[in-house]
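Both of the next two complexes hold chain A, though its partner changes from chain B to chain C.
This part shows the complex of A and B:
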């Protein structure tokens, strides 16, 4: 249950919080993988009675534990991409005062936050808590392709194949960090990939 | 003075060059022999005759060729010009500001005839004569911001003002010092400046934002910023960095004087009337080291500034690897004599270069 402490960084890099139950009739909780643990940490029968949970297990086995909390609605999706149309539909109906909780990987939180912002909810009103993998969703600044779950720096763009280094510069609109060619000035000189926070 | 527009390129064979007049009016960015980030804002209300400060939107000998280069960049990558849906009104504001300013400041080059909302715009250097309905997008070949910024030198960021912050919500950006509009669009002032080293800690951005939020209509402001570029390449974008980055390694002691360019941004800030947005033109001027060295004061000063610049800044500006070669070149133009304060060349009053002892 230990949480990863992200090192201090630049001002475009998101800072994730800690979920806490808020007053309100309607609650939307979107989580992937270990994010389920953050929901379980704040779940009470009263809160769950007004909560719609959207959960993407990604190999984790928390779905039954979440279901056992008796949320008003529960959906288990195989991938974020498969779930996003449902997320949009739910946000479309969101009434004033809907509380949004996002937890799990940065990629999940970033993309779901983008959907909530598109629905008119200010990002500052959305609760977040990082859990699980510290992998990043990266945009290649050159080809614009997104590579999900990047764990190393540098990495190879899954679209154009350039060797990219991992920046902390982050776009909420794209829900992605920026990847930039690492060997442009010395082609082929690519350092050995390391974990992003190593 | 009649401007002779150059036929030149900012890519390929790089035929870009500055006339003697352009060198003398180059906005040399250092007002003393050292440099550190500062807010350094001043009112943008004219300046010395024929200086780049004189007009609201400076038009120079590179105008026609710069616009051709912009068209090439936009054809290659339309994402360099974007406007979020709520920014169209600001685009009309910008179109009006530029058309009015240019037709008043350069009547021999630009004409604006207004009859109610029926406007006729004549741009003689680019051979444009268009009639359109103001505030009706269907009467222009592009959106208003794109239409006018395809005809105006410099990048344009159109900033929405809300929540006591400025938001990069529209822009045309093809001559940028290595930042991406497509990535930064939608960010606030602190977020899009996040990668800049040292300046956050010095409180520069907090003070700059406070100043910018209070800019009033009719009272524009300006400042200079700078970096270094190998070859007169306008499009030093991150998008194309994997293509142009290698050019930084082509400097030699023999070619550095002609290949290495000081890149200066004249940044101006205008409040827009209907949208209350702030437009932030970033006009890029390039000058080769060889041409800069024809002004003795600038030779002395550039050597001292580059020599003493903190490593973080030389790294961020992308020339840390080439700095030793630059200093070998520049030191030959620094005879140790004092320099006059201010950015102007002071050719009549500053002493000529003494022979510098070989190092």
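This part shows the complex of A and C:
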């Protein structure tokens, strides 16, 4: 699957990279859906011997291909929320030299990056690669509620029901983009929703 | 005027610690309080030695929260250009001197869960201030300090008495060495390394940490270079339209200043990047000695750090 080229944007918008194997004693790879393909792209027997993979398929069927790489540990989680306690435990027990690789959707990478940063890894030392859906995890700046997997702009806040404009303004702390009311001055005057990158 | 703001101080203590190292205490002439600083900061001390003015950076080693005085420790370097020797032989209690406001290029990263300090010789000084700062904040730290011998182990007694469980001392003459492989293995996530000492030690620690996958953002180091003497050379300053001579014993930056040209600087030791200057023309070899420029920049000869770097050749024109 080809990778999506995000258009250039403001400085706040994260720029995702391309995974590469790095020197380190332990490797933690966290992926959802099509992110598995990025892991398969760098997997070697030597790397996998020291790797713990946490994978959230979200309907994709890459789990067997990942398992076949013989990682030191493999965990398949139903959702990110169900996997986060395991991610925290792995980071809590880890020592310096751990390499973190995040790949898949922006929501997955952002939330897992927040956990790794909380555990003490500088965000610039965490590798990322975007794969799959370009949907965003959005925070409503008015009610602070998070709406996952937003694909259109504008969209309706799943918490307070306001019509929100999708901004590129991003928070690493919240792992979310900012959604701002689009019809505050002229209630009801809401443009037709279209894809975020259309 | 370039550099950090200046403070007029009086020397209130000169305390020889051992054969090589002497401690100096500075109090403000005005009688007020000095600016506060953070552990790892340095001050640039002005030394007026006849016609020559030397400006050397020294790490502040006193308690960052004590604003009544600053202390520095100076190791005498008989091979150098005379700055440390001037401090040792010409400075006495009661003298008035000028120092700069503190500047920190070696600060603690307070996001770290643990601070792992590695010191070699006189490189211990910034850690003395950092330890005082961390003790106040109940920070998690440990120090590994290599010195030549017991006789030259500055502040060893103080450190081992006040922090017996956190301080590890290694004496070269007793064949004790830091076991870096074991030390770096298994450090908890969020540990940051700080290393200050000779270049060989800094390179050794950085290379080992990179090899076993430590992020470079978690490895901090400081090494002030003293400008080394070298062959005299001539420089043209394009903006000021002046041709100046750089003497054997002075740095390019000092020669620029002597010509009355105000050039930016901060650390004067090749570390901070403040004095970076564009090279307009160079026919000959720029002798890069700084820690600031990338290797590719040094190869390109388009930039020079006049605080420590020199030139050998026919023509050097700087955008200054």
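Definition applied: the second predicted complex is superposed on the first by the 198 of 198 C-alpha atoms of A that agree within 3 Å, B and C clash if a C-alpha of one lies under 4 Å from a C-alpha of the other, contacts with A are read in each partner's own complex, and residues count from 1 in each chain.
As a working rule, contacts are C-beta pairs under 8 Å (C-beta built on N, C-alpha and C of every residue); 3 or more make two chains touch, one makes a residue touch a chain.
Just so you know, these numbers come straight off a predicted model, no measurement behind them.
> Once the structures are superposed on A, label A:10 by its partner contacts, choosing first (chain B), second (chain C), both or neither.
first
> Look at A:121 in the shared chain and tell me whether it touches chain B only, chain C only, both, or neither; answer first, second, both or neither.
Only chain C is touched by A:121; chain B is not.
> See if chain A has more residues touched by chain B or by chain C, and give me that chain.
B
> Could you look at A:22 and tell me whether it touches chain B, chain C, both or neither (first, second, both, neither)?
second
> Given the touch rule stated above, what does A:167 touch, chain B (first), chain C (second), both, or neither?
first
> Contact-wise, after the overlay, does A:84 reach chain B, chain C, both or neither (first, second, both, neither)?
After superposition on chain A, A:84 lies in contact with neither partner.
> Residue by residue on chain A, keep only those touching chain B in one complex and chain C in the other, then list them.
The overlap between the chain B and chain C interfaces on chain A is empty, containing no residue.
> Considering the complex alone, what residue numbers of chain A touch chain C?
Touching chain C from chain A are residues 22-25, 91-92, 94-99, 119-122, 124-125.
> For a test of understanding, state which residues of chain A touch chain B in their complex under the given definition.
Listed in rising order, the residues of chain A that touch chain B are 10-13, 139, 141-142, 144, 162, 167-169, 171-174, 178, 180-181, 184-187.
> Considering only the defined contacts, which chain B positions touch chain A in the complex?
Residue list for chain B touching chain A: 79, 180, 182-187, 190-195, 200, 238-246, 248-249, 321.
> Which chain C residues qualify as touching chain A in the complex?
Per the stated touch rule, the residues are 111-113, 184-191, 210-218.
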